[in-house]
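Right after this note come the structures.
Both of the next two complexes hold subunit A, though its partner changes from subunit B to subunit C.
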Partner chain A sequence: MAEITLKNLGHSYFPQPKSEEDYALKPVNLVWEDGKTYALLGPSGCGKTTMLNIISGLLHPSDGQLLFDGRDVTNKTTSERNIAQVFQFPVIYTTKSVRRNLSFPLECRDWDPKKISGRVAEVSEMLELDDILDMPARRLSADQKQLISLGRGLVRDDVSAVLLDEPLTVIDPQMKFSLRRKLREINRQTGTTMILVTHDQSEAMSFADEVVVMKDGRVQQSGRPEQLFERPENTFVGYFIGSPPINLFNVDVKGDRLNCPALALTDLPRGDLGPGALQIGIRPDHLNFSDPSESNAVAMVEACENLGIDRIVSLRAANGELFKVKSRLRQKIDVGSKLGVSVAHKDVLVFQDGVLT
Partner chain B sequence: MGRTYNIIKYLCLLAWATFVVFPFLWALSTSFKDANAVTSGARYIPWVEFEPSVQGWTSLFASGSQGINIVQPFFNSASVTLLASIVSLGLGTLAAYGLSRFSYKAGFVKNSDITFFFISQRIMPPIVLAIPFFLMLKEIQALDTIFGLVIVYVALLLPIAVWVMTDFFASIPKELDEMAMIDGCTPIGAFFRVVLPNSTAGLVVAGMFCLIFGWNDFFFAFILTFTETQLLPVAIVSLNSSVTPWWSLSAFALISVTPLALIAIVVERFMSRGSLAGAFR
Partner chain C sequence: MLKPKHFFLLPALLTLAAIILFPLIFTVRVSFSSWDVYQTGLDFIGGRNYARLFQDTRFWESLLRLSGMSFITVTLQYVLGFALALAVWKKMPGGRVFRVLFLVPMMTTPVVMSVIWRTVFHESLGPANDLLSMIGIGPVPWLSSATGAFISVVIVEVWQWTPFMFLLLLAGLVSLPREPYLAAAIDGASPTRTFWQVTFPLMAPISIGAIIIRLIEASKIMDTVNVMTSGGPGTATETPSYYIYIRGLRDFQVGYSAALSLAYLVLMIITLTIIAKLLMRFLVGKDD
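This part shows the complex of A and B:
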């Protein structure tokens, strides 16, 4: 178990990067605390896997240092770092049985055979692989193979961290849920640092103590899931976290107040903002419907999507701006009808040039 | 519909099988004929159309004027082919692994150029290499020796091994090596403990090609040997004198084909492309 520190760590796949654009992972300072669960969240190609491969040592960073408990491991080999990693697609040793697959990381590290069989039994029981331990690994289904990959990642109880690179992609939804819970349990029991790479925000939010959002090789924000939801530091995080994404509205500046024509908000404090493009962001979950005759802001329903318990209503404001509301309202909502919309001031976020003020 | 289709399918397969097997059957029946049965028109059925004789077979194991002894050439061919194949497969597999997993650059030379360099050795007509090989072996006094032939055959078989194995390693996901390293192997440990055991199919295919090309080579065996180290293809041709003993020649041909045919039967399941793909995920 170790605290992992990224010190100005960056990577470019070009031998001589000319500008920041050439970096797949732009230099970053981050600390992954010992024993916590983290999620690296971002769209495909944002540098998540690059960061993970640098931590595990599969990739040597072009810039900066990587520290494990303050010790520089930038030039250490993968096996010296004692990291466990699970890839997106199952990687198994097809010539070995399930048991030998699980014991291989321990055999490589010359563990005592008795201790090996004990650990293999524990992990196989935890992942419900104990019935198929002596089967050849190549004959298993895709999700069973991924369980073996996961098992190999968890079988060592002395690892610095477990890195999970979208490991649940090939696993069916029911199993995914229980595995996520199991991973959390393991983290609580053993205090193993776990870093999960994903592009699925619900997976990230439900798994991690802390979520790191990335875009274009740059860390956008790092924080607890509720922090990211309630106080996204920029419009990208607001857009990426939450489903549906945050609504952004244009505002007019009137003296020291801001007006939002779409929602008929006229008394928003402007604060001491400098010049720059201003927008307000409101989560679809924070907008409420009201009677159109009693509301200042009236919008027309363009579409209504039923999600079972919730509904997502797409609306067009009087000034033409489109936005969405997530509602549990049971009443029937007709497309083309008009609804009043209101929001509490505390839920309005002001962004200047895309950054939260 | 299904039955008619099956009948047509099996008839076609039977016709093809007969076409393929016929030369072997012909050689087999000829090997049991005497001079008279060979020269007096087409005869196929023993005891009915001709009286079988084992003279063709016995002459291969006799010595002196009775015939040509096949044992020594067979042993020579087997030694040269096996040694050259093992060395080529060993070196070729290591080279192919390097080429498939690491990027090399020396001036304008990159991985693809190195691979092409290997393959280009097979593109050249063998005659171009004959005189240089002859002079080089003469220089190290390795003409007409098994050692000299093994060196030459390694040079000929290595490109095949590199080619087949580079292609094969490219089909093994890099994650397999990475996983092994994360599990605690060194890079070379990952190769020997994980990648190589997963490469049986590729090794068998490459080994088979090496054995076929090595065993069947006549050109270099003919140019680089004289009397001491005769290989099977050369020994067969040397039977062809003023009166060709077709019965011995047929028996000889069958014996020389048998080892490859047996190996082919054993490793046939590895030769299909299907067994190479999809084994990892």
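This part shows the complex of A and C:
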């Protein structure tokens, strides 16, 4: 197990990158603590798999250094780094049994057969694969195969970190939940650092101690899930984290105060902001409905989606701006009806040129 | 109930009947006749042709010979084809030129190629013995001894059809997923282990396909034998298809050769099905 440090680490697939645009992963500084769970979150093509492949040694970075416990491993091979990786599609050795699959990495390291069987028994018990150890691995379901992939990583006692490259994509939704919980349990049990790559924010938020949000090869924000939700550092993070995404409203500057016409907010402090495009962001979860006759801000219902316990209501403000409210209110909401909307000042985030102030 | 739409099937059905059903049914009928050069007509002699076939040791010997020849040639083609495919699979300088060059033997007409090889193996004029004499070997009776002729046919078959194996296996290799190789690298597998644990099992389905196709083709070996050895010396290189050709088109024992063809067809279907099943079990481990 190791602390992983990315020191100015960047990668371009071009042999001679001319500008920053040529980088699939723009140079970044990050420290991943030993024993924690991390998630790399971002849309497809944002550079998260590139970062993962650099850490595992499957890709050599064009810039910067990678340190494991302060030791430079940038030029080390995959096997020298002692990394375990689980891929999007389960990778198993089809001709082998579950037991032989789990023992394979140890056989490659010339372990003593007695030691191998002891270790395999330990790991299979942890992954609840002990009942099917002698079954041919190819006959198992996708989630069991994925557990074997994980098991091949955990069976080694020298693993620096387990890298998970969208491992839950091919798993049924029900099994996804239990596999994610299993991964968390294993992390708590073994203290192995785990890094999950995903484009599913709920997967990232529920799995990781810390989430790294990426876009266009650049790290946008890194922090605890609740930090990303409550204090997104820019509008992209606000938009990418949370479902539905954050609502952005235009504001007018009146002296040292900001006014938001859509929500009839007139007394927002401007602070010491310089010139630049200003917007306020409010989570759909933080907006509340009120009686239109008692509210300053009135909006018209354009659509209402029922998600079971929650409802997503799309509204148009008096000034024409569109926004969404996530509500558990059980009253009947008709399309075309008018509703009062209110928000607590503490939940209003001010963005200047797309960056949180 | 016949509807107008069914008439659209007619061209395909007529073609099928003309090129498969009619020849097959006609051959079955001919096999129960004594049609030969003296008696040209469809009489009925019951199963006499089949009874004769069971006592025809020349036919069974040729079948045994073919089994050995197919086993040796297809094994060599598979091993060499796989090795060549692995060699040009990874990017290497001039790889594309090699890929095209390897396909030349397959594109050559079998008869032309056999004539060239017959010249190569000619005992006094051929370059094969010329080259061997330089290192003090020979002269080797390539086409005039039983073993030499058998080996010559095997060499030509391997030379001509290894590219086919190479082509199929290379197509399989380039379509293999990347992840198992990354996983093997992470597990710390050596190149040999990676080949046996990843490449070989992943290539099993395509290997079986390629081997079966080659076995079917090898069972029909005829032109090479005809041009190079005429089945000789004696019957040393005679294969069932060549023997059937002799009986049917040289001796004009049409009825008997029809019985031979049908027996051969049935035997081939049974044998190849068993081989395919065994290969599936052995290479893929398909047990359900």
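Just so we're on the same page, the second predicted complex is superposed on the first by the 356 of 357 C-alpha atoms of A that agree within 3 Å, B and C clash if a C-alpha of one lies under 4 Å from a C-alpha of the other, contacts with A are read in each partner's own complex, and residues count from 1 in each chain.
The rule is simple: contacts are C-beta pairs under 8 Å (C-beta built on N, C-alpha and C of every residue); 3 or more make two chains touch, one makes a residue touch a chain.
The model shown is predicted, which means the values in this text are computed figures rather than measured ones.
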{"item": "Three-chain arrangement built on subunit A, subunit B and subunit C clash or fit", "value": "clash"}
{"item": "Which of subunit B and subunit C A:296 touches, first, second, both or neither", "value": "neither"}
{"item": "First (subunit B), second (subunit C), both or neither touched by A:319", "value": "neither"}
{"item": "First, second, both or neither for A:83, with subunit B first and subunit C second", "value": "both"}
{"item": "Which of subunit B and subunit C A:202 touches, first, second, both or neither", "value": "neither"}
{"item": "Touched partner set for A:94, first subunit B, second subunit C, both or neither", "value": "both"}
{"item": "Which superposed partner A:136 touches (first subunit B, second subunit C, both, neither)", "value": "second"}
{"item": "Subunit B/subunit C common contact set on subunit A", "value": "56, 58, 78-79, 83-85, 87, 89, 91, 93-95, 104-105, 108-109, 138, 149, 152"}
{"item": "Subunit C residues within the subunit A interface of the complex", "value": "177, 179-180, 182-183, 185-190, 193, 197-198, 201-202, 285"}
{"item": "Touching residues on subunit A, where the partner in the complex is subunit C", "value": "56, 58, 78-79, 83-85, 87-89, 91, 93-96, 104-105, 108-109, 136, 138, 149, 152-153"}
{"item": "Residues on subunit B engaged by subunit A in the complex (per definition of touch)", "value": "173, 175-176, 178-186, 189, 193-194, 197-198, 200, 279-281"}
{"item": "Subunit B partner contacts - residues on subunit A that touch it in the complex", "value": "56-58, 77-79, 83-85, 87, 89-95, 104-105, 108-109, 138, 142, 145, 149, 152"}
